[in-house]
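Below are two complexes that have chain A in common, paired first with chain B and then with chain C.
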Partner chain A sequence: MGMRTLQRRETIKGWSISSVYLAYTAIFWGYPFVWLFILALSRWNFLTPRRFVWFDNFIRMVTDDVFWQVVFNTFNFMLYFIPMVLGIALLFAIALTKIKFFKTFFILAFLVANVSSGVAYSIIFSNLFAINGPLNRLTYNLFGKTIPWFSEPQLALFAIAMMVTWKFIGYYGLILYSGLQVIPRSLYESAELDGATKWVKFRKITLPLLNPSLVMVLILSIVLTFGIFTEPFIITGGGPMRRTLTFQMLIYTTAFQRLDPGYASTLAMATALLTFGCVFLTRKLIEREVSFV
Partner chain B sequence: MTKGRFVKKIPIGILYVVLFVASIIWIYPYLWMAMGSVKPAPEIFTRFWPSRFTTEHYSFLLQAADRMNRPFIRALMNSIFVSVTVTVCVVVSSAIIGYALSRITFKGREKLFNFVIFQMLFPGFLFIVPLYVLIRSLRLPDTYAAMILPSIMSAWGVFMFAQSYKSVPIDYIEAAKIDGAGTFWTIFKIMIPLSSSTASIVGLFTFIGIWDNFMWPLIVMRDYNKMPLSVLLASFNMQYGQYVGPILAGSVLQTLPMVLIFLVFRKYFLQGISMSLK
Partner chain C sequence: MKRLVLVIAVLTVSLLLLGQVELVFWTAPNPLQEEFWKETVDQWHQENPDIRIKWSTIPAAASSEEAILIAIASNQAPDICTNIMSGFAAQLIGAGQLVPLETFPDFWDLVDTREMREIIEGWKFDGSYYVFPIYSNPMMMWWRKDLLESVGFDRAPRTYSEVYEFSKAYSHGLERFGMQVIMGRNWWDRWFDFITYYYAASGGKPYLDVERGRATFDDEYGLEVAKFIDTMFREKWTAADLGANPFYMGVIGGTIMGPWEINWAKTQFPDIYNNIIVAPPPVPDSYPEDAPINTFADTKGLVMFAHSPHKEEAWEFIKWVYSNIENDKRWVEITNMPPARGDLGTHAIFSSFMAEDPVFAEYAKYIPYAIPPALTEQYVDVQDMMTQYLVEPLMYGRATPENALSNAATRIRRILW
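Now for the complex of A and B:
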């Protein structure tokens, strides 16, 4: 068999397999992709004929108080969530580097939270934090007080941030842990010879060399924040006073309860752009070149 | 960090105690759920260790099908059916397409591969509304197809397999060709067994993702008989919130498969996490 025929046969084989994927992608990815833009420029209620309105939806969005409330909620949430998740995950990762025994047990104990079902854990936490729940029983016995976790706006946001932190500490902790493990020991040893203190070693060696893992965790938690839906949907329904309303809830209710898929698509595009923007900014501000020499 | 010094400063024993206490706090929500599902209803909020164990909440779930039109066992079967179908489809299709994109040489392959990576940049929520428009115009809402079809191929899965195949030595493939093996024989008898950890990672994350998917089935499924467990449980919780025991029992049903699969495949789960770093 000649080289040419062999090559042609490979080309046919390659394209016939790929064309299955391309056909599927055209239907379930390409078609929705195009419709996303069509919808964003339209006014429609799924039933009556669709009307092309150009940028009306975008104009409506920037003047919509609920949209800005959600933007505010999201950053408010990040303010609680990111320091909490990053801090505890880092402590967990550092603790893992210092112990010899039960390492697998600790890793599994923290990681198993990550495979909890969104619906089930929302239900569980809404009970744990309920006014007659175990947590309030504890605080009542200790301090004679109960905390209205899900009925006070700031507390509700904070409580959801705690739940999500519970879920993701194990995952993020492991990412940081594998980042810590690749830092060469010799760096610390030579720093010690120069008489560096623990704090100096942490700031001058650990933090800079951990930068890739830290950036990774930051990006994951930003993307996660913009995607939150199940927790507020099940526990607070977006309240109290719309303070736990998230982008995903706003998109869902706009499209499927208020039957406004056009505006919902506009909101989805804005959410994606905001996510990309935040990720880009994080990389710009925090990401550093790392070399181990 | 370096051993000698640090051990002297913080007694390592305290670290172990802290980690043990933290581990128990982290597992506590699971314990509370599991215990609550076997406690008599009045004791769920009042005591941790019950006066007696009961299966009444689970039998309540069995009856909920008729009494409250919430067929929990059927929903569990629906979840299993949909998740297994999607997982098998994703693993098989990704294994085949990943082969074409990594080990078959043809014009345009690089562009296709870059397109797959490009696809992965877009978050799933962008497509939810237009995808519903598509499913609706295909007249598929309230069918299993609505939950299965949009997920049977995955750009991420294709990418994972293609990357993993790149490390299989060319000799294996050449030898198979000389023996007259066809493409599919090569994929299923040589490539997949050699990339079994990739297959496990793709399968594991796909299964958990579909099992726990909430928003999409919430949108396309209104029929209680075809709902996955996640949506049925949420709807039961909203309408019958006072039945805490049965709700906890339902949560155990929803959680248990994920936790079991996690414990069995934990090795691949850890590998999957470290892979996401590259």
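Now for the complex of A and C:
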């Protein structure tokens, strides 16, 4: 009997504690999530009654040139962004393990980029890359040429990739740095006894044991790629020739300027599925079980 | 006895409240405009105690449009609202959300009091007027007087040839360019470049025929504008990415600006502000010298929502605000934005203001010639197409002016159709 009341009391306690979270999730996550599906199957303009059109929006999407352009842009962007951010963040992390003084200062200095306003640094970068900006002055003085940073599609994507990389080196570097910290020193010492070179140690010990952190950074940067908005919105407006248009820009203008939340929801679902697909693939291909014993 | 008095008091107050009409009124979330409306609404309450105005700014959201849409979708929309731009108005009209204002018997009296007949024509939709324009920002060229003089110009270039002449003299490698021709690559930038130039070149012809679903800018005037953009880029007298504030840095001699720039320029670059010439946008060489030059009006207006149960009262309020010229004077003083009045440049009440600020006076002069954008629901797509098939190919030299123009017109016809 006493056992039973205790159990009941525990149940009540448990539910009442988790109910706050459950209610929150139901309202702010569950409800919009259900609406996303309803909207994706509807034609609506916020103002006149909504009507079901079933899969019209999906059919429209697969035949929409702009959608495929954005898919292409996103992968094109990843091609520049991921190797760049991964490489430089790794270098930053390794450098952190080497330096002895002012470590916190360096970490903070790189993290400042991560917390600064997207609008503000976009304006600074657009000055940096401007036709009369410092970069073009330099190349003009040295080689008599200017680089059309935001007028050439590949260069524009590359320039935006550089900006985003700059913003995330500190954050990703810190994740990799903590990954480096947990690799036991003893492994390196025994490898040294066996006469391993620096490169062998890096390839055979550091890289495999860093796998969990690397996968995390990789996944974060993939998810980030699908969410880019501010930099192209401020600097290129999606141009030249729609080559820097991103999913978030397309979804935003479709929902609130073209007044087509149904199609915007369809696009949002596609974006989510693509993101999930990329993350899944990355984990399948790259993630390894790691143990330090 | 005490209790009876209390009961009576409560009854009278509630009766008074019941008899009272409450209008929900939203205005732009802009501190200067808020200041104006706060005073105005207070004054209304003193004079009209039986109609309460529940005034607030448009709720915070990514944009006013977004906030209003959400309010309508959730049945929380106001009775009247300001800050409505043309494209959004077209979307609201299309959905049957707005009241045609000419249905109020004294609508035309109010229009005439403000000498707004010409201005309001730009807001005609299917023969009705759903938007009451509040302010009208003509887009004007700003030229640096010092830079013009440095190459021997004592006045602003008027025609394309004069712009070329100045640009040729002033441009120098990467350092200096004649003028900024293209304002950016976002869809809204087309208001401030191609559409502005087209209005100027064509004497104010509409660039779309919304009713017949056609682009009309594919004509001799459009071609002149396209050739102008093309020439400026090919000769390197302008460039795509000019960095921030090129006008103040002396990178360009001239650019298109709205009157909202005045307050900012005054405080940030006072020396340069006192050294500018305000002029209409450049026109083709064949444009008659004595004819007024049209330009684009960045304009916002007030609308009344069709669901409002108090339309008569709402109209009374609108009339009360906009028939009193003192309110317009106060509006100018507080917001520095030109009210949509045909007599702004000529009426004595504004003359002290005009004398004080010649830049503002120049803007005021062009209000009758400033034309709002086409009233189309598809404004985003239309201007996206202008960017992609007209302006960008000309910037990068990937199409001839003729081809760019006809490509863009074809694409836009497909959207409007």
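Everything that follows uses one rule, which is that the second predicted complex is superposed on the first by the 263 of 293 C-alpha atoms of A that agree within 3 Å, B and C clash if a C-alpha of one lies under 4 Å from a C-alpha of the other, contacts with A are read in each partner's own complex, and residues count from 1 in each chain.
Note that a residue touches a chain if its C-beta (ideal position, glycine included) is under 8 Å from a C-beta of that chain, and two chains touch if they have at least 3 such contacts.
None of these values were measured; they are calculated from a predicted model.
With both complexes brought onto chain A, simultaneous placement of chain B and chain C is prevented by a clash.
Within the superposed three-chain model, A:Val290 lies out of touch with both chain B and chain C [touch as defined at top]. By the touch criterion stated above, A:Glu189 is placed in contact with chain B alone, chain C being left untouched.
In the superposed pair of complexes, A:Phe33 makes contact with chain B only, with no contact to chain C. Using the contact criterion defined above for the overlaid structures, shared-chain residue A:Asn132 touches chain B and also reaches chain C. Within the superposed three-chain model, A:Phe256 lies in touch with chain B and with chain C [touch as defined at top]. In the superposition on chain A, contact is made by A:Ile99 with chain B only, not with chain C. Greater residue coverage of chain A by touch, when chain B is weighed against chain C, goes to B.
Look at A:Thr11: by the touch rule set out above, it reaches chain B but stays clear of chain C. In the superposed pair of complexes, A:Met78 makes contact with neither chain B nor chain C. In the superposed model, A:Thr236 makes contact with chain C only, not with chain B.
In the overlay built on chain A, none of the stretches 44-52, 98-106, 116-124 or 134-142 of chain B clash with chain C except 134-142.
Common to the chain B-facing and chain C-facing surfaces of chain A are residues 46, 123, 127, 130, 132-133, 137, 233, 252, 256. Considering their complex, residues 7, 10-11, 13-15, 17-18, 20-22, 24-25, 27-29, 31-36, 39, 46, 92, 95, 97-99, 101-102, 105-113, 115-121, 123-125, 127-128, 130, 132-134, 137, 166, 169-171, 174-175, 178-179, 185, 188-189, 192, 198, 201, 206, 212-213, 216, 223, 226-227, 229-230, 233-234, 248, 251-252, 255-256, 261, 264-265, 268-269, 271-272, 275 of chain A touch chain B. Taken together, the chain A residues at the contact with chain C in this complex read 45-48, 123, 126-127, 129-133, 136-137, 140, 146, 148-151, 233, 236-242, 252-253, 256-259. By the touch criterion given at the top, residues 1-2, 5-6, 9, 12, 15-16, 18-19, 22-23, 26-27, 29-30, 32-33, 36, 45, 48, 93, 96-97, 99-101, 104-109, 112, 119, 122-123, 125-134, 136, 149-150, 152-153, 155, 158, 183, 208, 211-212, 214-215, 219, 230-231, 233-234, 237-238, 244, 247-248, 250-252, 254-255, 258-259, 261-263, 266, 269-270, 273-274, 276-277 of chain B touch chain A in their complex. Chain C meets chain A in the complex at residues 62-63, 65-66, 69-70, 72-73, 91-92, 95-97, 173-175, 184-187, 189, 239-244, 246, 251, 377-378, 380-381, 387-388, 392, 395-396.
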